[in-house]
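Think of it as A, B, C and D in the order they're written, each chain with its own count starting at 1.
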Amino acid sequence: MPSYFDNPKSKLDLFRQQVYIIIYGVNTPAGKAFDVGLLIAILLSVFTIMAETIEGIDLYYHSELIILEWIFTIIFSLEYALRIFVSKKPLKYIFSFYGIIDLLSIMPMFLSLFIKGSHILSSLRILRLLRLFRVFRLMEFMQESSKLKVALMASRAKIFVFLYTVLIIAILIGTLMYYIEGPANGFTSIPKSVFYTIVTLTTVGYGDMVPATALGQFLSMVLMVTGYGIIAVPTGIVGVEIAKEVGKSLNEQQRKEKDSNTLNGTVCAHCNVEGHRNDAEYCYHCGHQLNI
Amino acid sequence: MPSYFDNPKSKLDLFRQQVYIIIYGVNTPAGKAFDVGLLIAILLSVFTIMAETIEGIDLYYHSELIILEWIFTIIFSLEYALRIFVSKKPLKYIFSFYGIIDLLSIMPMFLSLFIKGSHILSSLRILRLLRLFRVFRLMEFMQESSKLKVALMASRAKIFVFLYTVLIIAILIGTLMYYIEGPANGFTSIPKSVFYTIVTLTTVGYGDMVPATALGQFLSMVLMVTGYGIIAVPTGIVGVEIAKEVGKSLNEQQRKEKDSNTLNGTVCAHCNVEGHRNDAEYCYHCGHQLNI
Amino acid sequence: MPSYFDNPKSKLDLFRQQVYIIIYGVNTPAGKAFDVGLLIAILLSVFTIMAETIEGIDLYYHSELIILEWIFTIIFSLEYALRIFVSKKPLKYIFSFYGIIDLLSIMPMFLSLFIKGSHILSSLRILRLLRLFRVFRLMEFMQESSKLKVALMASRAKIFVFLYTVLIIAILIGTLMYYIEGPANGFTSIPKSVFYTIVTLTTVGYGDMVPATALGQFLSMVLMVTGYGIIAVPTGIVGVEIAKEVGKSLNEQQRKEKDSNTLNGTVCAHCNVEGHRNDAEYCYHCGHQLNI
Amino acid sequence: MPSYFDNPKSKLDLFRQQVYIIIYGVNTPAGKAFDVGLLIAILLSVFTIMAETIEGIDLYYHSELIILEWIFTIIFSLEYALRIFVSKKPLKYIFSFYGIIDLLSIMPMFLSLFIKGSHILSSLRILRLLRLFRVFRLMEFMQESSKLKVALMASRAKIFVFLYTVLIIAILIGTLMYYIEGPANGFTSIPKSVFYTIVTLTTVGYGDMVPATALGQFLSMVLMVTGYGIIAVPTGIVGVEIAKEVGKSLNEQQRKEKDSNTLNGTVCAHCNVEGHRNDAEYCYHCGHQLNI
């Protein structure tokens, strides 16, 4: 909490306090309304930028779209200024992840006054949509799923080795395909052939390049079936880790249960030791008779 | 059961009773025959609507298809009237999910008498196929699979976060692709580029748009491999929940088993020892007869 | 074993005996060589039929291919005759699955003498490749995997419901796409639109039909992401069943272990009952003192 | 370690010793720098070969690329010579997997002096990228994942049977598609139809061949849904094995725990009762001191 919070000295401090709660808070109705309004503004401004790239729309509504973009830019600029103004450590906000994105999403429009065409960089404000995670507290759901996170982290290295192996295979077979098919059949270079191999191995299959020779078709079929089959590998890698994580927690649960079930909590009146067998008649520690 | 069931007062009541059993029942031969006949009629009427949209067929058999559609509409109208007539609470049926679908599947044809072309909305009667679930009691199989349902419900929020993240990535990379490839290579607008990104990320790969620049091809390859790899994430999310559910029920099973197998808490009246076998007749400790 | 086996009366019987071991046996070197030779013949005959359909090859080598086909047909006919000749119950073989396939793979060629063009049905001899399962005892590996089989059988109904739901969704959205895109954009009929929907939902994505309208593209994107995401459902269904199966066998293992560990096998000298507590001093059944 | 290591007799021996540590070692800074430099050289040489196949680049920089290739070839030749020179058992290295790849990656360039065009075989040096596994010790991560390896090995035969069945289905349906669609619709031969079937079944979907008849489209839809659904089978096969492996290790863990936790078999010298806590000093039954 900013320092002026605890001890607001002026009307300005009280104003900052209120604005802070609206902008950064998510629990008050005003704070929620602000967040939802902001999200809608971000979405609309993203749509405006998208619409500008559609020739049919841009032809008829070019100036209207530019005006809309300026309106959104001014709104976001005001919001940016307010955020700096009310935060206790403005520098911390400015150099934070969201602070940099907020700046990047208003800069291009102002730059376009000097450098023509630079306003297209406004698309960067799409990143502001990431705020949704904060607003709707979606991250909490993710943090809850720590088991999946641990599993994914643990399988990181294995997935990297898997992808690296896939890449080497793709480069090798891509080179082979280049020599088999050749430029005459559309495999104009090794990089393009590698592109074809990746397109086939991942079962994307654009169809812009298709093998014409019998050997090329055979190799492609092997590639497809391989790509189709080895999807079980990343799934398997993550699966093993998930099973381990769940197994651990199951074991823990069982252990706790057993611990609480097996040896009871009767306390020896003589030496205060607990954890006796249910049918114990004497304290296992001092030999004193129990339950007298 | 409708009230006239318990005490049919007239011949009409008896008729309603019989019709009710045929229409709503699934256990009598007549009820089963009605359901199967209805399903065949629905399928045939759907095929009729489909056939109408195939130019080659419509050209030669237009009037025949229209007659067929009217026949099916009249059959469904009669069925709809009967359903209202025999049900105890007609309003409840009329405003139920199936009641509304039944009405929507006959309305368009009658509307077409006044508004030309509106009979194409008859396609809505495809929804009547959902009745199959009721007829063949398929839902029971699904309800049985409560573990999967619980797992899917529990992973709902995580799958939403996953899809939302995928969407932001798609919009970002789609925008990037637009600036890399440009309208000259078929990436005419940001929405079309986002469309391309989704097509590639989900490994659909139409091939109507294909990157022509080296950078665009490289980014697409990264996209494909990512799309191919992250399919392990939704599978993993559901997998964790499934494993938890199964783990829970396994634990429960084990606990029950332990409870029923292990030694019970009956206390020997003679020596106060407990932990006897469930079928024990004598105290294992002092040999005294139990339960007297 | 055929009856002439136990008591060969003539030289013919001895010959039949030897042929039987070669044809049906897989353990002798001659039997193995026969099986491998047969497989090679089947593969070569399949390749011959395939080659016949390749214009470039058929143009130059038509008569050679026909001669080859006749050679394979005569070989398979001889083999068929021998199989009938040496088997104890010829009728059982003739009407068995493999018996019918063996007949179907030689019939078309002879039929082609009377009905021109019918020899293309020879492709049916591809089915003879199923023998590979028997020869290399591959089925044993599958039978071993009874857990997967049980899991797949148990999830049969759920997978059917899943596929049926997918189908209804495909028909519905296909119809929608027809009205959104229309014949002008290549969606010439509802069946073709349904074809497009299935192509998209299963992430196949031929690209022969691609939405041109904004709404059609949006709906297609939803379809792709759905298709990409719901692959977790069949995997999940089978996963739950697998987990159950493995869980059961784990539990069984634990129970067995526990059974052997908890109650010991001491037998009461008085009533012959066993299964006493490890620390029992008296028989729980007859109250007789143990271990005397 | 080579023999000259233990007892270097000359300056040459000392030199060999030092070079050996640099080339084969990965723990010294010099060794690491050598490995990283080598990897960069391999990558650059692969890029050079790729660039040579891109017409636009080759047109303008042909001689520069050839010079670059010669530089890399000379570097790799020197490295190859050094590796032979310093290794204790040169023959073992020469005939090892990496030794052969190292030779194959320099041979084509020298061969191109005599046989024109043979330098394109230099692409084989892509295989040298496999060294990355050794340098970054990636294999260790893989070896750690022994559970996945065991699971994959155990499911090898089942996956083979699965793929073989898929292949027979593909050949059969491919043949069917050939007779349904025919050369008029692009299904010019059975091998091409089988190619189409594999393309569809694995959800690759190039779109270069698309069924035009209603029956062909229907069969293709069945194929797509099948292909989409049976991906659960290989995943399931590996899943069963993973679950078994994890289950085994969980059981083992539990057993060990139980062994260490449960009551031990020490017998009280006074009352012959057993099943005391591991840290018990007195008999829980008669209060007598244990272990005297």
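The rule we apply is simple: a contact is a pair of C-beta atoms (placed from the backbone, for glycine too) under 8 Å apart; a residue touches a chain by one contact, two chains touch by 3 or more.
For clarity, every value in this text was computed on a predicted model and none was experimentally measured.
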Check your understanding: Which of these, B-D, A-C or A-B, makes the same contacts as A-D in over half of the contact pairs?
Key -> A-B
Exercise for review: Find the chain most remote from subunit C, comparing centres computed as mean CA coordinates.
Suggested key: A
Review point. When subunit C meets its copy subunit D, do both sides use mostly the same residue numbers (more than half shared) or mostly different ones?
Key: different
Review point. Counting in whole Å, what is the centre-to-centre distance of subunit C and subunit D, each centre being its mean C-alpha position?
Key: 29
Exercise for review: Report, in whole Å, the distance between the mean C-alpha point of subunit A and the mean C-alpha point of subunit C.
Suggested key: 41
Check your understanding: Which subunit D residues reach two or more other chains?
Key -> 191, 194, 203-207, 227, 231, 235, 237, 239, 243, 250, 254, 275, 285
Practice item. Would you identify the shape of the chain contact graph, picking one of line, ring, star, complete or other? Key: complete
Practice item. Would you tell me which residues of subunit C are touching subunit B in their complex? Key: 157-158, 160-161, 164, 168, 171-172, 175, 178-179, 183, 188-191, 194, 200, 203-207, 210, 214, 217, 220-221, 224-225, 227-229, 231-233, 235-237, 239-240, 243-244, 247, 250-251, 254-255, 258, 262-263, 275-277, 279-289
Check your understanding: Touching subunit D in the complex: which residues of subunit B?
Key -> 203-207, 235
Review point. Residues of subunit B touching subunit C in their complex?
Key: 46, 49-50, 53-55, 120, 123, 126-127, 129-130, 132-133, 138, 141-142, 145, 147-148, 151-152, 159, 163, 166-167, 191-192, 194-195, 198-199, 201-208, 227, 231, 234-235, 237-239, 242-243, 245-246, 249-250, 253-254, 257, 261-263, 275-277, 279-289
